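See the structures that follow.
You will see subunit A twice below: alongside subunit B first, and alongside subunit C after that.
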Partner chain A sequence: MTHERQTLLDSLPSSFDTGPQWLRSVRKSAAEALRERGLPNKKTEEWRFTPVRPLVDTEFARADAEALKLVSSAREGVTVRSLRQVLEQEPARLEGRLALGESEHFAALNTALFTDGLWIHVAAGVTIEEPLQLTHGFSKTTEPGVSYPRVLVTVEAGSEARLIETYAGEASEQLTNSVVEIELGPNAKLDHIRIHENLGLQVGRVEARQEADSSYRSVVVTLGGALLRFDIRALLQGQGAECRLDGAYVVDGSDHVDHHTLVEHQAPHCRSDQTYRGIASGHGTAVFDGVVLVHRGASKTEAHQENRNLLLSDTATVHTKPHLEIDTDDVICSHGATVGSLDESQLFYLRTRGIPEELARAMLTYAFIEEVVDRVSHKPTRDRLRETVLARIPAGEAIRGVP
Partner chain B sequence: MATATEPIDEILKRGYDAGFITDIEQEYAPPGLNEQIVAFISNKKNEPEWLLEWRLKAYRHWLKMKEPRWAKVSYPEIDYQDICYYAAPKSKDDAPKSLDEVDPELLATYEKLGIPLHEREILAGVAVDAVFDSVSVATTFREKLAEVGVIFMSFSEAVQEHPELVKKYLGSVVPIADNFFSALNSAVFSDGSFVYIPKGVRCPMELSTYFRINAAKTGQFERTLIVAEEGSYVSYLEGCTAPMRDENQLHAAVVELVAHKDAQIKYSTVQNWYPGDENGKGGIFNFVTKRGLCEGERSKISWTQVETGSAITWKYPSCILKGDNSIGEFYSVALSNHRQQADTGTKMIHLGKNTRSTIISKGISAGHGQQTYRGGVKIMRGATNARNYTQCDSLLIGDQCGAHTVPYVDVRNSTAQLEHEATTSRIGEDQLFYCRQRGLSEEDAVSLIVNGFAKQVLKELPMEFAVEAQKLLGVSLEGAVG
Partner chain C sequence: MLKIEDLHVEVDGKLILKGIDLEIQAGEVHAIMGPNGSGKSTLAYVLAGREGYEVTKGSVTYKGRDLLEMSPEARAAEGVFLGFQYPVAIPGVSNVYFLKAALNALRKHRGKDPLDAIDFMKLSKEKAALVQLPDELTKRSVNDGFSGGEKKRNEIYQMAMLEPSLAVLDETDSGLDIDALKVIADGLNTLRSPERAMLIITHYQRLLDYIVPDVVHVLIDGQIVRTGDKDLAKRLEAEGYAEVRDAIQP
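== the complex of A and B ==
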């Protein structure tokens, strides 16, 4: 591992000589595709509203140490191994499972450059009550550093698990380019909570591949971020699979957060729901881009998507682009998006009940994203989130502690 | 209404009604595009120096631009050097003074299309400025309009008679370098319509133009400019049909609207150009730039469109809401059947305070048709209390078609209120069952449901257009039911 500083593209090696043959060729084609296409620029549609230059032009040093930590203890039915170890000992087990890359930008970079990561494997037919908790930390360097956390989560047939990921830190110079791949076997269930807090530069990618009758529930909570870009994808590949992607983001100061969701209905009889809520104040910018893709033949699809934004200052900006692409007719699909300020009549109602204006505003503001925070199924995490969200809302202090 | 009762099967057999070719000697410019051709067009039309300069400037800009490829449509590469940029009926030099002087074959063409000019003159009270490939052949009712001071004439006449107005407004809403197709149009536009409504005048009749693309391999480059002075009102209808041709024809029009203080412009389009055959052979490429500027306070611009034709539609009639309290509206029904592709929508740019906009878009896809709604709503920093409501619904008929919704919402003012809703579904089994149970045949039921789906938009059309539009929906849905 080198520690010299290079731009992301320059850091791609010219050849890949370690690891199993299949991984070398996956990395090679990802790197080749990247070199040919380059990283996105401001004309790239998917990056239209998010300044990509700080990511592309900065020279970073590799800083992978401490990047990933599993907090929870071992329990039956769950095996957690380092990716490096599995790649050395039983490389065949991972073949075809770390494939994400060739057609991507930053995920391709991760595929080409990750050195280690975690494989969380949940055996068939078990129910794991206690959540698996992952934290992503940052090594404290003074110069810009980049890390490539990589996680593979496999939940075998009929199992149920819960995963909580936390990305937190104040290191504004650090770029985290993470990829989390999730495989859900038939009838498997995963609750996935992901928290982004005070991040510097963050590019994250989650992809869930779902077999028949599996269920994937994701709640993403983003609290600020100098430059955060998060992509989540659910690929409904087996009949009867369902997913629910929820998210809440709060921006203030000069934060810039950009959430992209994609639900691909590839099989019939699948269902998807998405609810993303955002609050923008200060000079913050919030971007939402959600796509529902219904493939030909994915009949009896039901897909709903909703994005609501609360704009609290005239210097903040909201971009939203809910987007449907439907290639078959037997579907029920809808999407909705709104941008607005607090409802004056609701404020008035609370004021007539004797609630001071400041408190009333805080209540309505928090209520706006409470629906999403409430979907966090793990109570301790939910309680903690509620406190942190309130700390970020104008006058939120006033309702802290109120049950 | 004919659609509701006419069995679909019969309509199916009818094919494309407007598909015939008029044999009139044409005066062509040689194919290709260079500065000489631009000068040739300008010279042919006896244009003043400044306009030639303007065209050349546009041409030079165009050379530097790239054809946009972001729309969700696919079509073969267009060879811009293989197109004739000017074609006019030969009888142009001794321009007809009245309908009697008009080439009878031309008149017969209109007759077949169901636009009997003289009848319309008397019965419908509509002044028709019919554009036949590029040169305006007959303009009716001009005198009556002149009485109230309304100027309604072909663009080339306006250049000769009212150069100061043309110079003032040409390119003021759609600048030369706006986009690839508008730059191309600015360089080679052949003719179009010019409307000027003076202060406080309510235009006494609906103004109407019929366009037809006739000669093979000639692109038609219309330029329409409508200016409504303070407190005036005008309703403008545009209808389009083109004869059947195997090669794709290019149409790149530009429409500019300017509404001053308290003025209102209502612009309605029924577009029924040749969509190509069932396998996607032939058909019109329709790349149109339409934009309205609500310049003054309380001005209003309303776009209504029914798009059933063209192989490719690339069209986004937009409003710039600059004046305080101004209003922009967009009502659209777009239908794509067989291999048609439509990427259409609108852009509402809110600049002034208390500006409001409404977008209602209904897309119907059948066969292998591809339909995209692409819309943009922008609320700029100064647009306090801006309001937008957007609804775009798609109806799918058959499992080979596609419907896509791509709205962009961009808000920079916290007092804004924006709502966007979209749904996609097919004709409900229960709806069909209900109609069938009441004794309607399946075809009638589908027609009824489709018309009901589009009704919110159709009711915005002027009466005579609404009837035609409903008929068109039925015809264009041919073979889609099953």
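== the complex of A and C ==
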């Protein structure tokens, strides 16, 4: 299937004629809102530090072909189905679940335009030890292409699962605009590891909707990228739900990565923790914007957020903006952000023990984000990430192979 | 082993060391005492090669070579060790991990094969026992959350692991309780050898009761104003620096 190349906005069809009625109307209103509002521009507050022009002005061809792959095998209690198939056979089961749109930009575009995707369903009361692994890739093409991966993850009451997503791709003009929706039932648990090692253009959105006593743990590792904008949201809707959003990003060369987190405390007795760490060198740019909203009535909330950045060159840039909006009393909240360079006294200490300067720098640099990498609960993935991260940090080569 | 001649050092444009002369032979233990701010740590840092300490005059020769030319890691490789007055915490870098890297870098420099994990752990256990450093602490991040005394034990544990020729120990006894002081002193006495020299910076006679120095120097306002034997330290303890200062400044 070949498509003509169009800008993202121009690629929105004038009418939606396939699929169940409810989906058509969701798509239609997403498209209408987008046409009216347009995609972000320089003046859009949430895109203040990230150049959106390459996304808005480029003419892309649709290139979904092999965008989404499930690499792990089938297992008891887990059903993985194509969204297209479910939409054809049992559309009612998805009604109300694929509705990101209205107030969104790129997520709305995905809602309007995704053609297929996956529904990962974990039945109630099962514990899945082996992680489900998804990869999103681009086969090498010669012209700019866009894909719209769409994933819905449902973990029913009392179940536990692990999901590892990897976004890879070498082609710098390819755009991946993904949406992952996660539904956690009462007392459900999901460990979600997401790795961005795509060199191209990436816009991604994760939204976790959490019922009572559920637990969502996300570790995002971003290894550079020409342009990445990633938004993760956890909506703590049921009493006693908790989430931990952690992230590590490394930028070098002319990489530009932008992470936005949002935690909404909508119910009492919920807890959220966020730790994002970044390393910026070369001419790289990293942006972090984190919001914690504590809604009225969400008493006994505990929310912590921290973003720390290591700036390794004068030509790299870091923007960080953590903030809390609290609309209730009786909460424990903390937040903080730092941007700094390597500590000279630590460096000196290591060198007085005989550690060569390069190695000492690499050790301290890796130590800065190691805490986050260590939270990747799946050992083979953690080991692989350690190697990949070391390959990306200045002088990281020096510590590969050291015990 | 070490020869310091007419050493002048400035920090941030301020002259701190104002002509130090000091010579230490292999096997000797020297003590430096002196009031707060007299320049003891400055001297220790200059010997270890810290940036920002500008030598404006004088020289330091170590094993016949110009020490001041060398990077901190090259000095370590040649056998210089600094026990810090205030050891820095390094979250995320584990003690054993960094020490293994350090030890193997030194071994490489000395033409020895690297130690494998098993031999390293064996050595580590033995040396940790020497200063009664709990095994658990050797595995934690360097000095992270260590108490004052634990940090000092960690310094001597590292010294024991790295087997330096010249150990400069900056107030290793400060912050230690009486029992810990004895443990550290015993550890240091075990490490005393004809091939090894020590320069011990301290405010207290107590440590010197255990590790009897061959030579004692008094550093005041960036200069060594008195040099004597172990009795000089005793006299300082009894009379204070003022007496000693007055005795030499008519």
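Everything that follows uses one rule, which is that the second predicted complex is superposed on the first by the 398 of 403 C-alpha atoms of A that agree within 3 Å, B and C clash if a C-alpha of one lies under 4 Å from a C-alpha of the other, contacts with A are read in each partner's own complex, and residues count from 1 in each chain.
Throughout what follows, a contact is a pair of C-beta atoms (placed from the backbone, for glycine too) under 8 Å apart; a residue touches a chain by one contact, two chains touch by 3 or more.
The shown structure was predicted, so the numbers you read here are calculated from the model rather than taken from an experiment.
Engineer: After the overlay on subunit A, what do you see for subunit B versus subunit C, clash or fit?
Structural biologist: Once both complexes are aligned on subunit A, subunit B and subunit C fit side by side.
Engineer: Just to be sure I read the superposition right, which of the two partners does A:354 touch: subunit B = first, subunit C = second, or both, or neither?
Structural biologist: second
Engineer: Should A:368 be classified as contacting the first partner (subunit B), the second (subunit C), both, or neither?
Structural biologist: After superposing on A, A:368 lies in contact with subunit C but is clear of subunit B.
Engineer: Quick one: is A:309 in contact with subunit B, with subunit C, with both, or with neither? Answer first, second, both or neither.
Structural biologist: Touch partner of A:309: subunit B, not subunit C.
Engineer: So, does A:317 touch the first partner subunit B, the second partner subunit C, both, or neither?
Structural biologist: The answer is first: A:317 touches subunit B but not subunit C.
Engineer: According to the contact criterion defined above, which of subunit B and subunit C contacts more residues of subunit A?
Structural biologist: With both complexes superposed on chain A, more residues of subunit A are touched by B.
Engineer: Regarding the shared-chain residue A:344, is it in contact with subunit B (first), subunit C (second), both, or neither?
Structural biologist: Touch partner of A:344: subunit C, not subunit B.
Engineer: Is A:210 touching anything from subunit B or subunit C once the two structures are fitted on A? First, second, both or neither.
Structural biologist: A:210: touches no partner chain.
Engineer: Regarding the shared-chain residue A:272, is it in contact with subunit B (first), subunit C (second), both, or neither?
Structural biologist: In the superposed model, A:272 contacts neither subunit B nor subunit C.
Engineer: In the overlaid three-chain picture, find the nearest pair of C-alpha atoms across subunit B and subunit C and give that distance in Å.
Structural biologist: Closest C-alpha pair between subunit B and subunit C: 14 Å.
Engineer: For the complex, which residues does subunit C have touching subunit A?
Structural biologist: 48-51, 71-73, 75-77, 80-82, 84, 87-88, 90-93, 97-103, 105-106, 109, 117, 142, 158, 162
Engineer: Using the touch definition from the top, list the residues of subunit B that touch subunit A in their complex.
Structural biologist: 70, 379, 381, 394, 396-426
Engineer: Provide the residue numbers of subunit A that touch subunit B in the complex, in ascending order.
Structural biologist: 45, 49, 296-297, 299, 309, 311-314, 316-341
Engineer: Contact residues on subunit A for subunit C in the complex?
Structural biologist: 343-346, 348-357, 359-360, 363-364, 366-368, 370-371, 399, 402-403
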